[in-house]
Amino acid sequence: MEKLPIALYIIPSLIMFCCGVYGFITRKNMIAILISLELMLNSVDINFVVFNRFLYPGQLEGMMFTLFAIAIAAAETALAIAIIVNIFRAVKNIDIRDLNKMKF
Amino acid sequence: MDYSQFLVMHQEIGLLVLILLIFLFDTFSSRQVPRGLSMFSVCLFGLLTVGGFVFPWDKAVASAFGGMYVTSPVMVAIKNVLNVGVFIVLLQSMNWADGEFMRIRRGEFYELLLITLFGMYLMISARHFLLFIIGLETASLPLAALVAFDKNRYESHEAAVKYILTAVFSSAIFMMGLSFVYALAGTLYFNDIAGACFGGDAMLIVAVAFVIAGFGFKLSLVPFHLWTADVYQGAPTAVTSYLSVISKGAAAFSFFVVMVQVFGPFYGKIWEWMLYALIILTITVGNLFALRQKNLKRFLAFSSISQAGYIMLGVISGSAQGLGSLIFYILVYIFSNLAAFGVISSIENKTGRVDMDSYNNLYSTNPRLAFTMMLAMFSLAGIPPFAGFFSKFFIFSAAVQPGTPALYILTLIALINTIISLYYYLLVVKAMFIKNQEECVIPAFRSTGSERLGMWICVAGIIFVGLFSCIYNSLISAAQMNTEYIFTLFAN
Amino acid sequence: MIFSNILIYFVVIPLVMLGGLFLCRNMNQIRTVAVIGSTALLALSVYLMFDFLQLRAAGADDIMLYQGSWMWFEPLNIHLAVGVDGISVAMILLSAIIVFAGTFASWKITPLPKDFFLWLILLSTGVFGFFISIDLFTMFMFYEVALIPMYLLIGLWGTGRKEYSAMKLTLMLMGGSAFLLLGILGIYYHSAPEGGRLTMNLLEISANDAIDHNWQYFLFPITFVGFGVLGAMFPFHTWSPDGHASAPTAVSMLHAGVLMKLGGYGCFRVAIYLMPFAANELSWIFLILTGISVVYGAFSACVQTDLKYINAYSSVSHCGLVLFAILMLNNTAMTGAVMQMLSHGLMTALFFALIGMIYGRTHTRDIRQMGGLMKIMPFLAVCYVIAGMASLGLPGLSGFVAEMTIFVGSFQNSDFFHRAFTIVACSSIVITAVYILRVVGKLLFGPVQDEHHLQLTDATWWERFSTITLIVCVAGIGCFPNWIAGLLHDSFIPIIEVLTK
Amino acid sequence: MESVGSIVMYSIIVAAIIIFSILTVTTRRILRAATYLLFTLFATAGLYFMLDYEFLGAVQIAVYAGGIVVLVVFSILLTSKPGDTSSKLTSKKRVVGLAASVASLAVLGYAIASRCDFWSTFVKPSETGFDMHLLGSMLLGTGKYQYLLPFEAVSVLLLACIIGGVVIARKR
Amino acid sequence: MSIFILCIPLFMFLFLGLVGMKLSHKLTGFLGCLGMGACLTLCYITSFTYFFGGDFVNEAGERIQSILWNTTWLQFTDHLVIRLGFLLDPISAMMLVVIPTISFMVHVYSLGYMEGEKGFQRYYAFLSLFSFSMLGLVVATNIFQMYIFWELVGASSYLLIGFFYKLPSAVSASKKAFIVTRFADLGFLVGILILSYYTKTFNFLDMTSNPEGVFGSFEGATFMGASVLTWALVLIFMGGMGKSAMLPLHIWLPDAMEGPTPVSALIHAATMVVAGVYLVARLFPLYLLEEAALTIITVVGCLTAFYAAVVACAQVDIKRVLAFSTISQIAFMITSLGVARPEIHEGLGYMASMFHLFTHAMFKALLFLGAGALIHAVHSNNYTAMGGLRKYMPVTHVTFLIGCLAIAGIWPFAGFFSKDEILSAAYGNHWFWGLWLSMVAGLTAFYMFRLYYLIFWWKNPDFGHHTPHDPPLAMKFPLIFLAAVSCVAGFIPFGHLVTWNREPYTIHIDPVVAASSLGIAIVAILLATYMYRKENPLPDKLANTFHGLWTAAHHRFYWDELYLWITHKVIFNSICKPIAWFDRHIIDGTMDGFARVTQWASCSIRGLQSGNVQTYVWIYLIGALLMATVTWLCLL
């Protein structure tokens, strides 16, 4: 483990983040978008943990941040799913492309 | 473990108690009683607002939880300002909240609204990014629920989806930026970050850019603003007005704090120029979009985008004067924008119309509403003797205070943009007053008492807040007190 | 105590009028309030003038008299500071006269008379406030207060392409004031030497003389352009023809008569007085522009067919002469400039009043569709000829005095450039004669063009009152110019001192 | 030999993270996407374990994998008929998405990779022993580096989200 | 006392102008004549006191220039002050005789001529205004006062020409008069500016009492090859050219005949049009400093004299003939000033010019008033409607004949003496000028007698039931009075009264010049008699023979057409219209263009707000990344 520098941990996390971005932009299903968002949030969590562990092991701020971030992510997801379910009830469809009645 | 530290948080505690009381009242009172809950909430909140002013704000200086939470006169001031805004929003929404549709969700409306206010309090007082993020999310997530409140309207759903997805995305970006900050400074306490010496390499730039982007969402700075118009249009009017003034005001203040306290040492090097570009973009693009709008809510959305650009002039100045002017601007903006929203929601409740064309010749049927709207437009456009003039003047004077030519040019661009904004504000005035050959589709009616009270407060604010210099003077002196909580290491 | 200062009442009276108008319920009450208020203003300004002269005669040699200063916004050192010198007194008097005449000229305004007077009075509040202020902030504030009522006044009560004109006028003037605001801020932040207390007070800024020369190069042009837009300086004058053409009578009167003077007044009170170095260095640029406006406006007026357009372009020419004279930077020319402001204010107000009255009867302003009005409405026609004569500079009326003072003063500059441009400007008096006589000939003389016009009536008593007031003033200045010239001449001494330092 | 083991372990975890992340956003079946997300989250938890943050790893599995993914799966089942696959992506959309993700990867990756010390910083044995006691005092302490206030605040946030979720999702 | 000379007419103007409408015509006319009579008396007293009282002569025998009063009207700088004052010297004293005399005669004459006209009160008010302005002009103590009254006479001339404001021709004539003179006044004004800039004074006396001293320090100042003094003087003379209708600014005067005929007599024959001569005479010591300026004056005068005389031979309208004759005669005066030098007959030209001004005022007013009587009788301006009137209108006939003889320069009528002095002065300067003027004098005699014969002889027309007759007494009296003056004015010892250096000078009639000019005049009269005494085809034949010349002269050598072309085609169409177009389309278009560009920009970025949240996020992300990248690139 001593042979693996911090960059090798962060870069996969960044890849995960970018996958999330890709997913958000390309997926049509709103829940798929939500899943992509989870990837992004998760990648941030990894960052905090890794930075904490590698750079500043003296304090546990990064870890605590991750801990709270997980809670926040859960809350966000719950609310987002509620909204998506709600809209499914209203229009029987959760395709994000159809949600463009308001524009310009 | 000194739990007495909680007592420092007067306003937060008070607000939480208020939420609890509403919760209890909502749970145990009969839902059939008309107006009971809304009356109760508004009155209580009114008391809280007044209490905030009665409280000796210049004594309120404290740092608690190891520096995670601070309070100082200027923070009390901005919270009071927000309280005033929320109070007006509540007054104006009473009519809507008393409607049949809202009967079963009245309590939730007030609870969610006030919880977001609590989140904003936290944002304002937080001096640690974790607390700050929690405050930020508390201030934005429940709003998604509020945006989706109007279940019978499709637009409300669409707005809610756009809002929540963008909000989560932006918080992901924000937190990514924060993780870089953490990597560079090794701490999340504002003070310590400012103290930790880290170099200005690519990582720092990315970190600052992402943090600004995160704020950009809350403040609707261009190009992070695109959700704004759709959400404002789709959300219930009460929520829109709340979003446009309160949420923005709190974000602007905390943006100032973060930029100045955390990234202060990199002012001239990094974020001044980022902000510079953002301000120009925000003001210009906001104005350009507002030009064509026919839907008044959407119109005000774009107008509020460009107003955010003006508010940012206070941030770019980075001085105590800038901070004071920023708060003053927010206060005036609250009165002006809420006056406009008051008229819009009053008319929307009555007739369901929000398009500009139906306002043609409003003056003939509803002269008072038209007059209020006109005052609001003039104030937003910065016409003296209304408050908007003073706030614009002060924010501009703060912006050029550092005295660099670049800032003069920025101010000039902002000033030229005021002409465009004047154009579209006058369009509304023109519709109401000048198109007097056409028949007005809005019948003459009398607004409810609460709406009128709300509008009267706004009108009084528009007329007197600027003329009575004590308000601005005390805001500036508040901003100059206890500068260690904000201006720790600022270069200026 | 703030109310012990006489100048404050120039703002207080209009505000009280506003309050009074709010309570009015019918036309008679509205008229009563308007007449009482405007008479009070007129009386007060006449009193002020005599009192001022007396004080000066008694040896009060401050730059400004009746000074008062009350702290307003402490952090920026903004005061509500008032004070007047001879120039301001003259301008206040002019404003009061025109408001007075304007009140009578809009005796039968419809629709919404109450609102009309409300906005009109708000406008005059701004005008008076501007002239009594010696603090940049309050000055600017009143300046903008005076601008915005124009939008509604033109938009609601105007004629023709009123919406377009109102919008254009408002936006262009606000554009000017955007530059102005930046200039004021720049002046403020350089108003005191390093470490001194920054100030907005004109006199203090001038006394400090701390504005760096490089900054003057930047601040002078934007301030001058800012005020110049309102002074209808080429090429920022195009709001003027459309705006005047669409505005209702009293508004045209007030706007051309007083509001455009704010521009000229501001130019020397702010731009030149505070930044004398740049004024000396850069005046040639603006001299060219204003020189162009003088001739250009006159030429444009020659081919217009709409009465109001003719007068609007004539205003461009005459107001260009005001700025032109100011830029000559010597006492005589500047005195002439202010006299031209007074003269142009009165005679343009007279013109617009008459045009409004004629238009109110014939319902056209196209000179090709009218003729022989001298036979139909002799009173108005004679007044129109008098106004025209004043405009083309007939001795005995005010225009001559002002123009001659300007030309003689301008010609005292010792370099060829200034004198050559003076001659160019002089040539406008010929062109003025051309377009004035063209209108008079087509409109008033000759055969009656439209048979329907034969039934029209001559002026009513309030119209007579309004026009006679103005004519008396025009002739008064024209016949006895020296006292007012002396008043102004002395007031320019401090400004000239600063310029020659 | 421990290092070899950890390298292998690392490789597996990282490969899982990357592969499943990509699969999550590229698969056309929504339910599969949820499953791949679950794997990704598991892999992340593995990473936490590897970095000696066992508690965090447990939380990750419990909250994320156990809570969120289940919620997501339920909602998928609620909103889609089985066998639903999304139609193929248009190439334009893919290019746009790829551009954004590649650009962000480039920028973020450059920011990380350009720091020389990030290639020479290795994990050190943790100095502060992590135990539940410490965690408890951190969560309930009021001093510096203690998180009572965020803890309370996040509870308000969760409350708000519950209320919000309820009020939106209920049928009336 | 002298202040009343100005105040009475001014008061009459204000009084009649403001309350005249309430008064009857009779009362108005009476009041007008009374006022003018009072003024006349005062002027006579002043003038006679000056010339014969003896108080106004200094030890050296020079008449002194005396400022009776002088009040500050407008102060520009310490030196440059406009004062209103009363300067009494030989020429102003002389004008104080001429102006009120003619004016009073016109006042009286108008009682008959304007009887029953609408606007009678207005007419008298304007006459008073004109008298006031003209008197103010001649007594001016400084050049700016002169300019003020100069403008005022222009305005009152404008008002009086346009008196019949319902006639489009009168309106356009008045406009033309005003604008042409205004243009000339521009030159005057610029000249004043230049002059005052160098002399630091407006006062005549400061300028003329010591011209070399005042201008000594500026001799080096030149502009485009000429000294500034030349420029100033020529420009000032340009003002005089406008007022006195010198070529090429003469075009307004013939048209000005649209006004009532008494007005033409007063303003456009006797008084106002000689203001240019008066101006040059006033500044004569300055002109003496600049030979070039005097030469220009001479050339302009000679050309105009000849041109006007030729045109007068081909006019049909009797008032126009008289108008061109006026132009020609004024040109004589101008030339006379131009050729005057102290060393030539002790400055004879100056005296001759003033003398001619005086006599011309009398006989030209007489001629105009006579023409008025004719027009009054036959209701037409054209001689084609007249002929053989000598039987019907004997008084008019005789007085008109006296006028013609006077203008033709037949001894012993007034014109002979003054014209003779002019010719002497011209010959004294250069034989060419003398010859030229002699020829023009011959032409004068010819066209005047052509006119006389065409009106009073030529044919016996049939007037039908409406027989022309002599005018009423109010009109007859001025005719007789002026005829008498024309007979005797030549014997006034003018040289003792008015000279350039104000020293008395005895006129010697040069027998050669006198005889030759008399001879030329008689030959010309005989020629006219031969051609026009009886109706015969000779004139038509001649006109056909010299068809081109005749048509050109009849059309006044197309000066009006040239002016029309310049004003309409060049100024109006090529300057005014393009400027107006430029203003509407370029300047205004630019301002509208800003608005349009803004609108266009607004429309063109609307796609940004596509309504699709994925696009929003994409832009969001790219925005953030760009912000970082650009900043980083800038910091590199």
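As written, the chain order gives the labels A, B, C, D and E, with residue 1 at the start of each chain.
We take it that a contact is a pair of C-beta atoms (placed from the backbone, for glycine too) under 8 Å apart; a residue touches a chain by one contact, two chains touch by 3 or more.
Model, not experiment: these values are computed from the prediction.
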Those chains that touch subunit E and also touch subunit B are A, C, D
Comparing each chain's Cα average against the average over all protein Cα atoms, the nearest is chain C
Of all chain pairs, the one with the highest number of C-beta contacts is A-D
Maximum distance between Cα centroids and subunit C occurs for chain D
Farthest CA centroid from subunit B: chain E
Subunit A to subunit E, mean C-alpha position gap in Å, rounds to 96
Dist(centroid_CA(subunit A), centroid_CA(subunit B)) in Å evaluates to 27
Note: subunit D sits from subunit A at a C-alpha centroid distance in Å of 7
Subunit C and subunit D have mean C-alpha positions lying a whole-number Å distance apart equal to 70
Touching at least 2 other chains, the residues of subunit A are 17, 20-21, 24-26, 33-34, 55, 59, 61, 64, 68, 72, 75-76, 79, 82-84, 86, 96, 99-104
Check: subunit B positions touching at least 2 other chains come out as 130, 134, 137, 141, 144-145, 148, 151, 160-162, 165, 169, 176, 180, 202, 205-206, 229-230, 292, 423
Two or more other chains are touched by the subunit E residues 595, 606, 609, 611, 613, 617-618, 621-622, 625, 628
One finds touching chains in the pairs A-B, A-D, A-E, B-C, B-D, B-E, C-E, D-E
The subunit D residues in contact with subunit A across the complex are 2-3, 6-7, 10, 14, 17-18, 21-22, 24-25, 30, 33-34, 37, 40-41, 44, 47-48, 50-53, 56, 59-60, 63-64, 67-68, 71-72, 75-76, 78-80, 86-87, 89, 93-94, 96-98, 100-102, 104-105, 108-109, 112-113, 115, 118-124, 126-128, 130, 134, 138, 145, 147, 150, 154, 157-158, 161-162, 164-166, 168-169, 171
In their shared complex, subunit D is touched by residues of subunit E numbered 618, 621-622, 625, 628-629
Residue set of subunit D touching subunit E in the complex reads 96-97, 100, 103-104, 107, 111
In the complex, subunit E touches subunit A at residues 606, 609-614, 617-618, 621
Within the complex, subunit C is touched by subunit B residues 321, 324, 378, 383-385, 389, 393-394, 396-397, 400-401, 403, 408, 411-412, 415-416, 418-419, 422-423, 426, 429-430, 433-434, 436, 469, 472-473, 476-477
